[in-house]
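Each of the next two complexes has chain A plus one more chain, namely chain B in the first and chain C in the second.
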Partner chain A sequence: MAGKRLGNQTVRLETPPRIISTASIAGPKEGEGPLGHTFDLVLEDELWGEKTWEKAESKIVRETWSRILEKSGKAPEDINYIIAGDLLNQCIATTFGLRESSAPYLGVYGACSTMCESLSIGAMLVDGGFADNVVCLTSSHFCSAEKQFRFPLELGTQRAPTAQWTVLGCGAVLVSSHGQGPAITHVTTGKIVDKGIKDANNMGGAMAPAAADTIVSHFKDTGFTPDYYDLVLTGDLGIVGKAICDEMVGEQGFNISKKLKDCGLMIYDLNKQDVHAGASGCACSATVFAGHIYKEMLEGRIKKLLLVATGALLNPTSTQQGETIPSIAHAVTIEA
Partner chain B sequence: MGKKMVKDFTHKEYRDYVEKKSPKSKVLANTVKAFVVGGLICVAGQLINNFFTSRGMEKDTVSNLTSIIMIFLGALLTGLNIYDNLGKFAGAGSIVPITGFANSIVSPAMEFKSEGYVMGVGAKMFVVAGPVLVYGISASIIVGIIYYLLHY
Partner chain C sequence: MAGKRLGNQTVRLETPPRIISTASIAGPKEGEGPLGHTFDLVLEDELWGEKTWEKAESKIVRETWSRILEKSGKAPEDINYIIAGDLLNQCIATTFGLRESSAPYLGVYGACSTMCESLSIGAMLVDGGFADNVVCLTSSHFCSAEKQFRFPLELGTQRAPTAQWTVLGCGAVLVSSHGQGPAITHVTTGKIVDKGIKDANNMGGAMAPAAADTIVSHFKDTGFTPDYYDLVLTGDLGIVGKAICDEMVGEQGFNISKKLKDCGLMIYDLNKQDVHAGASGCACSATVFAGHIYKEMLEGRIKKLLLVATGALLNPTSTQQGETIPSIAHAVTIEA
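The block that comes next holds the complex of A and B.
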């Protein structure tokens, strides 16, 4: 087995890369939520002066990229790779937003798990000696996602109680071989798990088994127990998915009830903001980590974090054809 | 659920389990809201109908005018970003009346305007209402044929 591997799904990074900077931009609804003050910029409206939602999402990507360069004092030529993705077909929000980035780009798609997928690849590239600075970035936009995956915004329909609200925003993380910041020490890459859920309005239910599978594999591969962590933070399981994930991991002998939180339940005020089962979208884990969690780690309130971004790998065609929803979750250990 | 391994769930067992864990729609409250709002929309239609009838118009003209005005109002409220909020509250109460039909055509037209007037507005306008038209018209033709055969 390759020297850095632990078990089937996990690698241990020998020279843990540091997260030396983050940047985040969020929409108005996210700004009104409990984490509103943790984002670098909160937009006043969903279009941000653009003509289409797609263009607006690209602008958010472009500005987040500029902001992380600015905050870290890096020039585009200092960045060896941008690893990024979003939810729109062929990831156009990302690629159009990074058209003028002039840095090597790798596009990734893991639905809402993309943040941890890009962090995993970025951290391994840096630890492997292939890069000094990697920017990992993901975005999502409520309006462009609704348009692609569901119904027109002005259609007078009711959302299911299990439905989740796609986060409007973008988060970027700079992973580096040098500098100060929390370190990425382990990477657990998820397997595709499909337990037969067909309801696209219940993504939390579809993704929970994937999250549970990755978390349990992580504990088994590394020998860690839940006690090792201050926080096990899933991406966007929402109310339904989080409860199921908690129970499923518990049944495998790892009690994470006290450690488990979900970004999808943190970014909005569920009692006031009418988002039903919580938040979702690539930007959910990206903005929560880049904003709130990164600050908590810098200030020492969270020392050991297992970040587990979760993704439902469906599209509208597969839903219409009655397919079940394959899901995935990727985990990274981040230690301050 | 006992000591079940994640992998041991059959699809059916897992679906039942998720179903149990998921919050349910508030059927009674939703039904009452739908009844009230749907009823009020119909009352509005009836008032328009009565108004034109009182002006001495013929029954067919009155029906046509009432439909046209209700469709216009549905489209207008959609354009003013009001109908979606009404729909969020009333559910089927605002979907079923003819104003809901107008909403289902205007909302995709607005949404896909960014893709142009041909492939956007033109092609996507009936993306929600299309199936209703196809099967509604088909059903009326079939019923018409049966009616014709029974009566002549």
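The block that comes next holds the complex of A and C.
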């Protein structure tokens, strides 16, 4: 028995797996943002020589996979599982991007919570002795996401003030039983939370209650307080969602105001880049973690991190049918 | 260390988790088929009182979840993880169906391989000590799938002879550390396989090489031969895909002809029910296993089963962009 259950939603990993490498590729807008220098590669345009945005997103996945193998000195046969998914219908960015990967593949769908969902499963499989090396990966692409979830880009539709900008990029994380790097020590798996929000232009607001639920459950399950962490980092709540999450966690008796940051407020310069309420997309937390945060942990500036990626589990059909927005958040504790 | 890796794709579970309960709900056409009496509930129509097919599919998920709790005498808080997904964009059948489930949720996307993917992850999490009870669940719905993947039903479009009929239903399987029932002893995780087939009306043909790849890998990794098994049961290859799979596995030196059956050829009466090349959909292997096969194992008529669910990892956009069909198959050994 490798894991120890704590409370209803958390497991403590007895032999915490290490994050021994990361890789990230980002788009031009992300490259112009304050974290541009932290990505392995910044693209010059959104198509990268491909004919469609979907094919471009698959290429980004394929190249990020190649890059994490190269950076870690691993061959495809060293990787026991790839755990990955994306926002496109049937996760085609991932499945087409990885079709030559030659490694066992477990597809996940957690919307923008995918990075933490894949890290959760990956860490448990390594800790349980089922794998030595797991690559956790996710992507998103502003253009393919807008086309699929909202309006044709060519329409130039006005965006709501609460709207967020889908990150173009891909992040990959290599979780291993051996090697050096920060360790994944706890996994808190979210429940689906639906507080009745229907505005598909306010994803941050819809996801905030799920983030708060998982963060509070994490503290209750583990007995940790916010003081334990240097940083509580949500995925893509944006301005609106971060404020709601902060308040909801506070109401439950945990003051995280000084510890809370959101990847969606870090990757772009909100004063200059016109992204309204911040960034979103699977790649938001994935690239911010794989780029900036991982470096900060390696260099000792962040020692204890609670990474909480959130996802909105809707689609355009459910919105058209008058449904609300079920959301989820998954959290992992990462310690340098 | 709870698992033992065998070869590149397989793990042997050291404390094999038990399948202590299953639940299944099926549609009217499935009810009229030869396995109709094995489902817990057969619906009278495709909408079940809902206004849309998507809402109906979510209701089927919700009710199957309720039913497996009821049948097993478990409360939602006894379930450490629900691992589930479906065919609809962003898996909304599952996420809306489970939004009141109050259990930690891990969303997976493996197309029609979902049942075996969720059983694989679920069995490893239980064997690793991360969970005592995991519900693995998946659904599909003929009408919502046709609408999304092919043509509006109202068009009455002629179907190709190689086309398969998406099963309307949901199957759930409860994997536990304690209790009685057949045990999951081995997990073989598939790689993405793409042999260049482009015909989205021939899913069986596209998926057969993935099934063959995983079955052959399973035999090589474990050292088992086809003699070890009473039954090698694929998910939804249909007439075309089953024949290809049989031949491809044979060419690799493993004769499975006498052991191979396909859920897609069991759930409907192909002589009477006009489903062309057989059944398909996530619910095909899920309901056939949760209904008929589980009963056969409990009653000792099947003792050793290799369950191999296959998925085609495409979407209509990839087909429109001229892409081929990447596929995957995941296998689990279940022993009574």
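In the analysis below, the second predicted complex is superposed on the first by the 333 of 336 C-alpha atoms of A that agree within 3 Å, B and C clash if a C-alpha of one lies under 4 Å from a C-alpha of the other, contacts with A are read in each partner's own complex, and residues count from 1 in each chain.
The definition used in the following text is that a contact is a pair of C-beta atoms (placed from the backbone, for glycine too) under 8 Å apart; a residue touches a chain by one contact, two chains touch by 3 or more.
For clarity, every value in this text was computed on a predicted model and none was experimentally measured.
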Which of chain B and chain C A:151 touches, first, second, both or neither: first
Which of chain B and chain C A:247 touches, first, second, both or neither: first
Partner chain(s) touched by A:230 [first = chain B, second = chain C, both, neither]: neither
Contacts of A:78 with chain B and chain C, given as first, second, both or neither: neither
Which of chain B and chain C A:269 touches, first, second, both or neither: neither
Touching partner for A:117 - first (chain B), second (chain C), both, neither: second
Partner chain(s) touched by A:11 [first = chain B, second = chain C, both, neither]: second
Partner chain in contact with A:205 - chain B first, chain C second, else both or neither: first
Chain B versus chain C as contact partner of A:32, first or second or both or neither: neither
Touching both chain B and chain C, residues of chain A: 51-52, 54
For the chain A and chain B complex, residues of the former touching the latter: 51-54, 147, 151-162, 193, 195-197, 202, 205, 208-209, 212-213, 216, 239-240, 243-244, 247-248, 251-252, 277, 324
Residue ranges of chain B in contact with chain A within the complex: 1, 3-6, 9-12, 14-15, 17-18, 21-25, 30, 78-79, 81, 83-88, 90-91, 94-95, 100, 103-104, 106-108, 110-112, 114, 128
Contacting residues of chain C [partner chain A, same complex]: 1-5, 8-9, 11, 51-52, 54-55, 77, 80-81, 85, 87-92, 95-96, 98-99, 101-111, 117, 120-121, 124-125, 127-132, 189-192, 194, 313-318, 321, 323, 326, 328
